[in-house]
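After this come two complexes, each holding chain A, first together with chain B and then together with chain C.
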Partner chain A sequence: METKEIIYCLKKIVKPYVQNDMAFQDFGKDTDFIKDLEINSANLVDIVLDVEDEFNIAIDNDSMDNMLTVEDAVKIIKNKQQEA
Partner chain B sequence: MIGNDVVDLCLAARESNWRRIGFLEKVFSEAEQEIITSSENQSLAVWLLWSMKEAAYKAHQRKFHLTRRLNWLVQQCEILHKEQGKASGIVKINDNIYKTTSVVSLEYIYTSAQSANISGVKNAIFKAPSSEAKNQLFQEVLEYFKVPCNELKLKKDEQGLPFFSSNDSFLFNRFSLSGHGRFSAYNLSLINCETSVKHS
Partner chain C sequence: MNKRIVITGMGVAAPNGVGLAAFSEALKNGKSGIKFIPELERLKFRCQIAGQPEIPEEMLKEYFTDLELRGLNSSGIVYGIISGVDAWRDAGLPVGPEAETDWDSGIIFGTGILGVDKFREAIHLIDDKNTRRLGSTSVIQTMASGISAYLNSKLACGNQVTTNSSACTTGTEAILMAADRIRAGKAKRILAGSCSDSGPYIWGGFDAMRILPHKYNDDPEAGSRPMSESAAGFVPGSGAGALVVEDLDSALARGAKIYAEILGGHINSGGQRNGGSMTAPNSEGVKRCIENAIFDAGVRPEEIDCINGHLTATAMDATEVKNWSEALELKGKDFPYINSLKSLTGHCLSAAGSVESVASVLQISEDYIFGNINSNDLHPEIKELASREKVPQKSLFREVNKVAKASFGFGDVNAVVIFSKFR
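On to the complex of A and B.
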């Protein structure tokens, strides 16, 4: 999957949990889920689960540990898809 | 160091479906899941353990100047005592132990966490937006340190952790702010903070 395509899917996944709509307008690879979008921490669990469902991958704890920005998520998704 | 966390139970019920497949496994150890499944009120148990993890993690983050990580399984909770409206426990993060005390009400759960060397922790909870907790904390720090109001600033460091500065130099960081839904809270420890605050 292309990076652009992954980012497009991520944007759809993240949307319902966003608390800062202004920051969401600039959604891109540098967007930070907590610092920019102000997503509450329990919903970060939902995002991890939604990403697993959408991309049909399993995100292990070590990978999840580092899933703070869109770019982090893209990297994890690409890695897991290659492994599969 | 100290940390805190408040959960608005109404909002949590709306925002989060902890019963969805995989949620508990991502956040809670088997022992913690056992606490949840054996509880009469499972939602309450979920959010109590959650707030213990978040509060302890905040204390841990401040103690070691860490950036935020998404790994709830690193924080291992044990509830030591539970009675109507109150709970106390410990949270282990690697080799560090944080003591927690929680207030459990119908509307919210609030947890304050502290490392062993900290004493005199004061907590304040408000049924008001985060700005209220922030203002009250500001007042308290202002009174204690007796600095001019216009010199006191609440800032964030590179890790996103808050601290107070006076005249652009570091003043105080042994506090924690938390807000969720209708509730906001802070805690702080002012004891011995003139000498040891940066290293605690």
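On to the complex of A and C.
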């Protein structure tokens, strides 16, 4: 899957959790889920579950801990898709 | 008791009406909220009727954000939020992101058990070795205090925010706990109330105890029969009620509307002795609770216009009326009017005390005594204590100044509160 396509899907997944709508308008690979979008850290586990469902992958705990930005998420998704 | 305590806002999600206006209309017209529940038939319950509030999808969106609605599977939270937010708004207090932390406002909102459907979801995932799939809302929807926590995400109270639990007295206890805290000068206003989930996982245990009626599955509205000779058990219910309990000075300073005054009340336990048990009250405890409430309120028994009893529609109804009669030393024509909301809603369990307190206060603020449907065959022992006209079958429209509201719960716990017209 293309990076652009993954980012598009991520944007849709993340939308309901976003608390900073201004930052969401500039959603891109450098966007930080907590620092920029002000997503409640408790909701990150929900986003991981949504990502798993959308991309049909399983994200292990180590990867989960490193998923801070959109770019991190794209890398993890690509890796898991290649493994599969 | 030098501080006067009043009620400045109310909200309700009851089986026979959601919102104050719909609920009051239902009371006046004797509208039942008890229905046949196909799910209970499928699960082979003996009792397949119940009372549960009807909440349309669009209504949920008025109270919850899209994010909150994702994975929301706790009916108690739904009912509690609707009633609590309504009450707070009704009192003219701020709700939502614009509300700032208010250190003088608190929440005491009780429940018996919260989010059983959500808990069931979690149990299945855990047993499937899939704990990581629980997501972030499993805890907050199933912790007992989840209801006060959810409410506070909208109300921003900075005083005590807690959840009490004392079986079917929970809601009445919450009101008295709120009044005590305000009387002590520790808070100016408290949202007091309670909620109870709907569904088979709440009601199943009672069905197993064979204390629910099983002969009315074809005639649900006739199933809940408090004070009747044919009373055959309580119809399970659910919902939530909420009251803003406030210091009179604060209410007057805000120019708030005042529904009624809380003159006083009492909470006790019969100690599970002398006839009291896990499931039945010690009559001495009940009578002391009534007497102490009347004393605390500073009223004479004959001033009570109406008793809103616990009266669940079991063999204990006659005992309860006897306890009232002995505690108040009134009988026959002198006995106050008496009614039970449970004929219209079923027994809302941990929500009963608050939903019924909202009904009690509405009787004072709108001057009526709602009727007891299904009491046509009044129990002979009750007939000896209270004249037939004191157990009205249809609503009476007359001045109502003082109502005594009682709730009794499993574990032999009692609560009685005395509401009065505010003058």
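Assume the second predicted complex is superposed on the first by the 84 of 84 C-alpha atoms of A that agree within 3 Å, B and C clash if a C-alpha of one lies under 4 Å from a C-alpha of the other, contacts with A are read in each partner's own complex, and residues count from 1 in each chain.
What we mean here is this: a residue touches a chain if its C-beta (ideal position, glycine included) is under 8 Å from a C-beta of that chain, and two chains touch if they have at least 3 such contacts.
Small disclaimer: the values here were computed from a predicted structure and weren't measured.
Asker: Counting only touches as set out at the top, which of chain B and chain C does A:Ile77 meet: first, second, both, neither?
Answerer: A:Ile77 contacts neither chain B nor chain C.
Asker: Have a look at where A:Leu68 lands relative to chain B and chain C in the superposition and call it first, second, both or neither.
Answerer: Touch status of A:Leu68: first partner only.
Asker: Would you sort A:Asn43 into first (chain B), second (chain C), both or neither based on which partner it touches?
Answerer: A:Asn43 contacts both chain B and chain C.
Asker: Any idea whether chain B or chain C touches more of chain A?
Answerer: B
Asker: When the two structures are overlaid on chain A, which partner does A:Lys35 contact: first (chain B), second (chain C), both, or neither?
Answerer: first
Asker: Of the partners chain B and chain C, which touch A:Leu10 in the superposed model: first, second, both, neither?
Answerer: After superposition on chain A, A:Leu10 lies in contact with neither partner.
Asker: Touching A:Ile57, do we find chain B (first), chain C (second), both, or neither?
Answerer: neither
Asker: Kindly list the residues of chain A that each of chain B and chain C touches, one partner per complex.
Answerer: Comparing the two interfaces on chain A, one with chain B and one with chain C, the shared residues are 42-43, 45-46, 49.
Asker: Sort out for me which residues of chain C touch chain A in the complex.
Answerer: 66-67, 70-71, 133, 135-137
Asker: With touch defined as at the start, can you tell me which chain B residues reach chain A in the complex?
Answerer: Against chain A, the touching part of chain B is residues 12, 15-18, 20-23, 26-27, 50, 54, 67-73, 160, 180.
Asker: Where on chain A is chain B touching in the complex?
Answerer: Going by the criterion above, the answer is residues 34-35, 40-46, 48-49, 52, 61, 64-68.
Asker: Using the touch rule from the top, collect the residues of chain A that touch chain C in their complex.
Answerer: 16-17, 42-43, 45-46, 49
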